[in-house]
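Got a structure for you, questions after.
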Amino acid sequence: MLRIGMLTSGGDCQALNAAMRGVVKGICSKRDDVEIYGFQEGYKGLIYSNFKMLTSRDFSGILTVGGTILGTSRQPFKLMRVPDENGLDKVEAMKHTYHKLNLDCLVVLGGNGTHKTANMLREEGLHVITLPKTIDNDLWGTDMTFGFQSAVDIATDTIDKIHTTATSHSRVFIVEVMGHKVGWVTLHAGIAGGADIIMLPEIPYDINVVVDAINKRKAAGKKFTIIAVAEGAISKEDAKLSKKELKAKKEKQKYPSVAYEVAEKIQKKTDQEVRITVPGHTQRGGSPCPYDRVLSTRLGAAAAEAILDGDYGYMLGVKKNDIVRVPLSEVAGKLKYVDPKSSIIKEAEMTGISFGIK
Amino acid sequence: MLRIGMLTSGGDCQALNAAMRGVVKGICSKRDDVEIYGFQEGYKGLIYSNFKMLTSRDFSGILTVGGTILGTSRQPFKLMRVPDENGLDKVEAMKHTYHKLNLDCLVVLGGNGTHKTANMLREEGLHVITLPKTIDNDLWGTDMTFGFQSAVDIATDTIDKIHTTATSHSRVFIVEVMGHKVGWVTLHAGIAGGADIIMLPEIPYDINVVVDAINKRKAAGKKFTIIAVAEGAISKEDAKLSKKELKAKKEKQKYPSVAYEVAEKIQKKTDQEVRITVPGHTQRGGSPCPYDRVLSTRLGAAAAEAILDGDYGYMLGVKKNDIVRVPLSEVAGKLKYVDPKSSIIKEAEMTGISFGIK
Amino acid sequence: MLRIGMLTSGGDCQALNAAMRGVVKGICSKRDDVEIYGFQEGYKGLIYSNFKMLTSRDFSGILTVGGTILGTSRQPFKLMRVPDENGLDKVEAMKHTYHKLNLDCLVVLGGNGTHKTANMLREEGLHVITLPKTIDNDLWGTDMTFGFQSAVDIATDTIDKIHTTATSHSRVFIVEVMGHKVGWVTLHAGIAGGADIIMLPEIPYDINVVVDAINKRKAAGKKFTIIAVAEGAISKEDAKLSKKELKAKKEKQKYPSVAYEVAEKIQKKTDQEVRITVPGHTQRGGSPCPYDRVLSTRLGAAAAEAILDGDYGYMLGVKKNDIVRVPLSEVAGKLKYVDPKSSIIKEAEMTGISFGIK
Amino acid sequence: MLRIGMLTSGGDCQALNAAMRGVVKGICSKRDDVEIYGFQEGYKGLIYSNFKMLTSRDFSGILTVGGTILGTSRQPFKLMRVPDENGLDKVEAMKHTYHKLNLDCLVVLGGNGTHKTANMLREEGLHVITLPKTIDNDLWGTDMTFGFQSAVDIATDTIDKIHTTATSHSRVFIVEVMGHKVGWVTLHAGIAGGADIIMLPEIPYDINVVVDAINKRKAAGKKFTIIAVAEGAISKEDAKLSKKELKAKKEKQKYPSVAYEVAEKIQKKTDQEVRITVPGHTQRGGSPCPYDRVLSTRLGAAAAEAILDGDYGYMLGVKKNDIVRVPLSEVAGKLKYVDPKSSIIKEAEMTGISFGIK
């Protein structure tokens, strides 16, 4: 008998179901004696032994379905070793559930934080296999995460729609794209949507350069400017503050989000009307795009193969067009940022995009 | 020689280009001796005699293109008879342009405010034909305006995407849909997207009823609640205030928009996380949906026919499946609201939707 | 106790699930004591007493899901009174199932053929309520059927995509749109997609006029021509044949479908390359468009209301913007054709569309 | 002065305009003294000196527009050295045009055949830079071509729509996907759409295995089977024939396309109804997907950089996430096939997909 636990953790994204379907179909293609324990709402389900027994039937027909049939929750790794209100040590609780159910392997789908915890569980002796799930594409060790391309598609569609209305009026439009720490979604959606200005967490902006770019467009007879701004975009002044100073400043300013902050700055320095669009959680929603379905299905099947091989302790990732096993110890705790000096930035600038810097 | 002036006024929407294409193709199918004057940016172009000479070629290939090739601007009808900074009487200026160019007819595409002005120009003796353009579907005299269905499609797509992410987390999601005075887009998108609660300007809400609906869903094991709220949704307390009192209150509260106000109220009265999505101007953007393309093409062709008949002073509208000529004098100044007692509201309630009232 | 039978019959279409959800949610909003019998695969399920007991939970989350959770089959009404291979009289079998289960009402979702049978069952004394389901929009007694607008959207999307590739090459493109007897989908998709020529079952075409229209475009410097042809489009010569003669001719010609026939005729008479696209059953597939979701939800809720009123023997239809009860006796056996003299045809012609006639 | 010629050759695809925009914006970001010669309809324009002078304005707003503003035609490389009806040597004609216009570089966008000719022109001493355009993704030297992902998206959407209608009926559905020699689009769309059987040119099928797979599904209670078949799919018997024998056989059989052939074989060996969908040229149409827009923009900008560097004789390609210059001499004449032994095939099989082989 092969006993597999499975959980999805962190912010949800597209293709979680597709990936799990790949894992289960892959295992069941070779083995009949499989039990699948679906832990509910991320690590919480593992901690509190909250699970459902699932069969391969439960994974049929979910290739195209957004969300996760297991539910998810922001993962509580920070508090891991701090007992909860009932005195429960969460790491021990997870180990207890794992051993009590006599699991052969725990399959974890998640992003950066999730991988730290997954690696800790591996260090504690559990068999763990992980899949790189995040719209942010910021996981180390894989060329691409699933969810990313779907999010780019949605953010780009938002910019496309804004484009037609922008051409009718003389305005500055700001589209706020998801990404607190990394700007991959904003960068790709900005290029794909033909944004005029892109503001990323990795490239602190100079508001005067942004304003210059707007004015230059106006002077050239272009009536509108479209700005794609990442949630975590930051001015070069703010980038110099300490974390504590920045937090205090933000709390004082009370902007609902970064788009409102940028809008106010632009309105103070130009005579243009500014409009804001916040597609928000739609970027995590809807059916996964075909790219993500293929990627997640392949990763899932490759995870099944690793499990059937009894080869644990890896994240499955994609390198070029191949699926590879990346040691969890190498993945955990590393983020993949947009490099301001990379060729994609340079290529974007050559097509006229301003990143708000000189 | 037939000389036609054309302008698009007010907020832009989908199918403006499609409608103009219909007018021009329709006229040119019968007459070779046509001159088309495209006034830029709405009534402004007529006032300041800012126009381009266009040919039927300019209207080829724009059936599917969003926005308006003429540009538009919020229309300045309130100030019509008040001279501008240069002492210009705007109504006289428009008449002057019309007569100077020796126009046979002015074709105006716009919403409610635009129609008031168009009717005034008619009263001043100009030949005017109008087309009912607005995402709000609030024009009197037509079953449907173009732009509406496209906006519903986009707002519904937003709710659809939120649905998949909502099922993964335990949250309340608020989607803010366009509509300051009327709730047609919110109502249709809310039903189409399967929203649990719909809040309309025409049905002032009781926050306690809203909160009850949320709690009832939670008690029934449904993890999430989706709320479609119109920009102009209003609480029953605020609905009792005078316009002045309300304005003062709003300015004090400083909510970026109604979704933030509703979110705060819900967070105070429940233990649920709330997330906000504001699709904003995307609802006016993108290619018109097929429904709007057919409607606008038909309206445009019928406008051409009226012009060829020399039958002026009408808005073209749709009644059942026929295009009809509706006297401008009957249209101007009337809004078509959602009737809280209408059958669509009752049908929506039967499928479990709460409108925030008992 | 209220016992409701339900079935979907005929070719499937979008919003069948949405409509059934409306019925069930509507009934369950007023009554707790409800039993729902879902007959499998259309009238077959009623004949052979093949059903599943369903609860309101089964109808949750299916608003946006295409297809039908009950399955469907081409309905066997022609053979109704002819015993099957086991000597079974099908009408008696249906009545037997109905009475055996002690049903209060049978809810039938279907098109033209389905309605004939439903009316027969009504005449046999059963309580029947029907909903107008068909992509063809050819049911008498309602302004609109659900499924139609979704099919138009898909066929239009096909034409849109062909448009971009058409502009790159010098070719004639034929898009074959569903509709054997009526041309509503082809007409609307053709207008919405900007087709140059539209060929409908109701307007027998003259191939020489079609060829003239193609040559005229070429002479005017337009490189491509797009033709939207309904499956049932017919030449004026063939329209004069008897049913039997036509059948014999078609069998001899062995064209896979009408597009291939039209293509061959055009290739014989012009020097242009011709390309064929057959979107086929995709036109019945995918998530219902928002328009159909609203329409089907309203119709479903109104059906629930009729059932709760104990008012049977009706199809629910839409007139203007209201849902109405239309006596089944008036609906059965009537088709709603495109009228060649209607205003929409005239309006389409004014925008330059040729219907292949002089 | 920098004089750039540009042409698009072969079957059109998405993102041709986006790529050209990237080239022109990239060059104009560094140089003011640029002349752009847009050759019409592929190499024909170069042969017959048929071009338009273009400015950067012509490339504004075309990022999202399908097709090619230059037009294209199947490229005549086979006849290159054979004089045409007027005794014209085409290679000399192209060289003549190039030198007459005093071009600094010729930018060529195309697929496999196009690259052979481009390399020949390079060998003749012209400065050539190429961009890898094809929905087939079969070009050697780049991980990915633009057009491919857009085509996969459209083919997948077709399969998705068929899925919902398939679940309502008991049928076999065949979706014919573009790809005569290589099966990349079919493979990816098949996996993404959840096809049950995938038939590729690279993996000759055994019809008995295909039929077994269908019957096995039926026996397992699954009502339908979806088959994604590439245009160039071939049976193992036919794969053994010589080119000449195969051609003779095909001409005798007169199937409109491969889907009809496969359908007939299945209908002979099973009792299931079969339905065919041929999305055809839609797979080349519509707006490029965001993935292709980013890829083509980057490739275009990188081509600009190569030109500004005066570094000619390359195709721009993507390796991992970087844009690289690949010598044309290495690219020309090589096709990138699906390897039947590659990991993606194995992963697909693990998720239950049959490739029609044992």
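Letters A, B, C and D mark the chains as written, and numbering starts fresh at 1 in each.
Just so it is clear, a contact is a pair of C-beta atoms (placed from the backbone, for glycine too) under 8 Å apart; a residue touches a chain by one contact, two chains touch by 3 or more.
Listed by chain with UniProt protein names: A, B, C, D = ATP-dependent 6-phosphofructokinase.
Keep in mind the model is a prediction, meaning the values are calculated, not measured.
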| item | value |
| --- | --- |
| Number of hops, subunit A to subunit D, where each hop joins two touching chains | 1 |
| Cα-centroid distance, subunit B relative to subunit C, in whole angstrom | 31 |
| Subunit A and subunit C, separation of their C-alpha mean positions in angstrom | 42 |
| Distance between chain centroids, defined by C-alpha means - subunit A, subunit B (Å) | 35 |
| Residues of subunit D touching at least two other chains | 160, 163, 287 |
| Graph class of chain-chain contacts, one of line, ring, star, complete, other | ring |
| Pairs of chains satisfying the touch condition | A-B, A-D, B-C, C-D |
| Sites on subunit C touched by subunit B in the complex | 21-22, 25-26, 29-30, 63-64, 143, 149, 152-153, 156, 160, 163, 188-189, 191-194, 287, 289-291, 293-294, 297-298, 300-302, 304-305, 319-323, 343-344, 346-352 |
| Of all residues in subunit C, those that touch subunit D in their complex | 8, 12, 14, 16, 65-68, 71-73, 154, 157-158, 160-169, 173, 223, 256, 260, 275-282, 284-287 |
